[in-house]
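We call the chains A, B and C, going by the order they appear; numbering starts again at 1 in every chain.
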Amino acid sequence: MEQVLLEINHIQKAYGTHVVIDDFSLAVNKGEVVVIIGPSGCGKSTLLRCINALEDIQGGEILLNGEEVLKEAKNISKMRQKIGMVFQSYDLFPHKTILENIVLAPIKVQKRTRPEAEKEAVELLTKVGLADRKDAYPRQLSGGQKQRAAIVRALIMHPKILLLDEITAALDPEMVREVLEVVLSLAKAGSTMLIVTHEMAFAKAIADRVLFFEHGKIVEESSHPKEFFTHPVTERARAFLKTFDYETEQNS
Amino acid sequence: MDWDAIISYLPRYKDALLLTVKIGWLGILLAFIIGVLCAAVIHQKIPVLRQITGFYIELFRNTPLLVQLFFLYFALPKVGVRVSPQFCGSLGLGLLGGAYMAETFRSGLENIAPIQSESAQSLGMSKMQAFRYVILPQAVSSSVPGLLANVIFLLKETSVFSTISLMDLMFTAKDLIGMYAKTIECLTLLVVFYLIMLLPVSILGSLVERRLRHAEFGN
Amino acid sequence: MPNLGIDVLFKGKNFLRLLGGLWAAVRISLISVAISIALGLVMGMLMTSQNKILKAVFRVYLEVVRIMPQLVLLFIVYFGTTRVFGWDLSAEYAAIIVFSFWGVAEMGDLVRGALISIPKIQYESAQALGMTGLQIYLYVILPQTIRRLIPLSINLITRMIKTTSLVMMIGIVEVLKVAQQIIEANRRTSPNAAFGVFAVVFLLYFIVCWPISRLAAYLERRWS
């Protein structure tokens, strides 16, 4: 029996009258990697921000291990520690070194000791190939390095689930791979992840399940990513995928 | 140039400088405190207080210090509030400077992208923790050049203190010119003493600005 | 409720005199701002020059303006130069000279900042089209900097109006001086007039400067 980790029930999100997410539901099992794709501005990023309670929702509920995630709730800090998030623009703290960026929250929020937090930080940095850059400031790093550091900053909190919001969208093409490889290795190690991305090849390689999202709704859902990417069922998904594929365009 | 006269004037200028510096720095300290409080009120969007703060800032940024001092010194005693010239000088400078400092801190806070606070919160930090460990340190360091510019501006503004019968540098120069008519000597000393007061702050200001512009964090 | 002297302002032509004083102050600022903008544009272009001597001269000029209180400059020009050169300089001219000296430096620095913020490729592509140096400034560079400069120039106006309060110290009869005269003249009948009159002066400055600075802030937000 698979264990449901994250459960989203009928959530509704609107800015004023503009509906961004419309009656959206999803259940993510422990160890599962769910990839969300869809055109820009379709509400994918907003969805991730809602799950981390950075946005309030107008209806429905978000449950992690059966506990509700609510923006103004008392336990929100505890809940957010369990939900790691990595942003498109890395958003490291520019006034702190990489190591300080990573150990800040473990020390201040989880009240761990500095030596212990630093030890784990260095271990994680070693895994992503950044151990030698631990004393650098964010602006001295390349985009790819910054993003790997941001992933470590989320991982050190030992989140139950990791939300990745277009983490390669701001990167130069040659840096995309180094970041995605880190994510692939996390998936192999059994991490639960909810990923928003525009990298179709990556999505195909990593996803246990793919959601095609448009206008705040799921248009198509598939537990067989290989099949989804070659033979999407809906017309919308087919048209969307086609925009990524120049060869098909020319051949057909 | 009458060097004997200049030497005989020196002690009076020195006293005037010390007085100006004393009242000036007290005023600047006050301005700093008022500025931080007002910027926090506006940034945290505290109702009512925020409107009052906004009115205070606009009022004092859009009127001259001279008029503010006249009001504090000549008008308030008529309704029973009597203050010493020295206190009046520091208070006036503090109120004027507070309005400018508040704007400097506020724009320092505003320049930090909201996602900085969000990414801190996504790590489980409370809003207060995010403000204290992530937003504030960045805002303070980005406000430093503006703060120093305000300090220079406020120290310059002290030149109107003589109008509320404070024996500052301007008062001394005017007084000595009136007594001995050695205009050039008195004005030269006036310039020299203002340089002594302001040049160090100005040099510090450009050093800090260059450092911040070229180095930021990590260089 | 003690008599706070507002009534003094409605005696005879007192209020009109106060407004007259305000106009004297505003007139000095407007003339100085006009001079500052005109000369500041030229100054700013010259300041982008790479000539070492020119650069050093500008540095000293800017630094003098940056750290010398305007009142000190007023004293130097009004009392000092008349003494040294023996010429006859009215207080109003002295004020305009000092305010322009200050304004040209500020405008020049703003213009320089705006000019160097225009990417080099803009100059190059204009050159590639065969434009001369003056044409490049006139048709390509200046139009791009105007939006940045207008709010800053408007701000300079309010700062000048505020600073004109200083000119009473070299004997110009502006609003504060008129206020003092009114208070003095009514000392016996209205001993508390200082409160009402200075309060009104306070408000007058605010009423003049506040809309102008709001306009500058609005334009800055809109055009940035």
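Basically, contacts are C-beta pairs under 8 Å (C-beta built on N, C-alpha and C of every residue); 3 or more make two chains touch, one makes a residue touch a chain.
Fair warning: this is a prediction, and the values are worked out from it, not measured in the lab.
In terms of inter-chain touching, the protein chains here are arranged end to end in an open line. Comparing the centres of all chains, each the average of its CA atoms, the largest separation from subunit A belongs to C.
The chain closest to the protein's centre is B, with centres computed as averages of CA atoms. Once the centre of each chain is set as its mean CA position, subunit B and subunit C turn out to be 20 Å apart.
Between subunit A and subunit B, the centres computed from C-alpha atoms are 47 Å apart. The centroid of the Cα atoms in subunit A and the matching centroid in subunit C are 54 Å apart.
Subunit A contributes residues 49, 52, 54, 77-78, 80-81, 83-85, 87, 89, 91, 93-97, 104-105, 108-110, 136-140, 153-154, 157 to its touches with subunit B in the complex.
Contact residues on subunit B toward subunit C in their complex (touch as defined above): 58-59, 61-64, 66-68, 70-71, 74-79, 152, 156-160, 163, 170, 173-174, 177, 183-184, 187, 190-191, 194-195, 198-199, 202. The residues of subunit C lying in touch with subunit B in their complex are 2, 4-5, 63, 66-72, 75-76, 79-80, 83-84, 158, 162-163, 165-166, 168-169, 176, 179, 183, 191-192, 194-195, 197-199, 201-202, 205-206, 209-210, 213.
Those residues of subunit B that touch subunit A in the complex are listed here as 113, 115-116, 118-126, 129, 133-134, 137-138, 141, 216-219.
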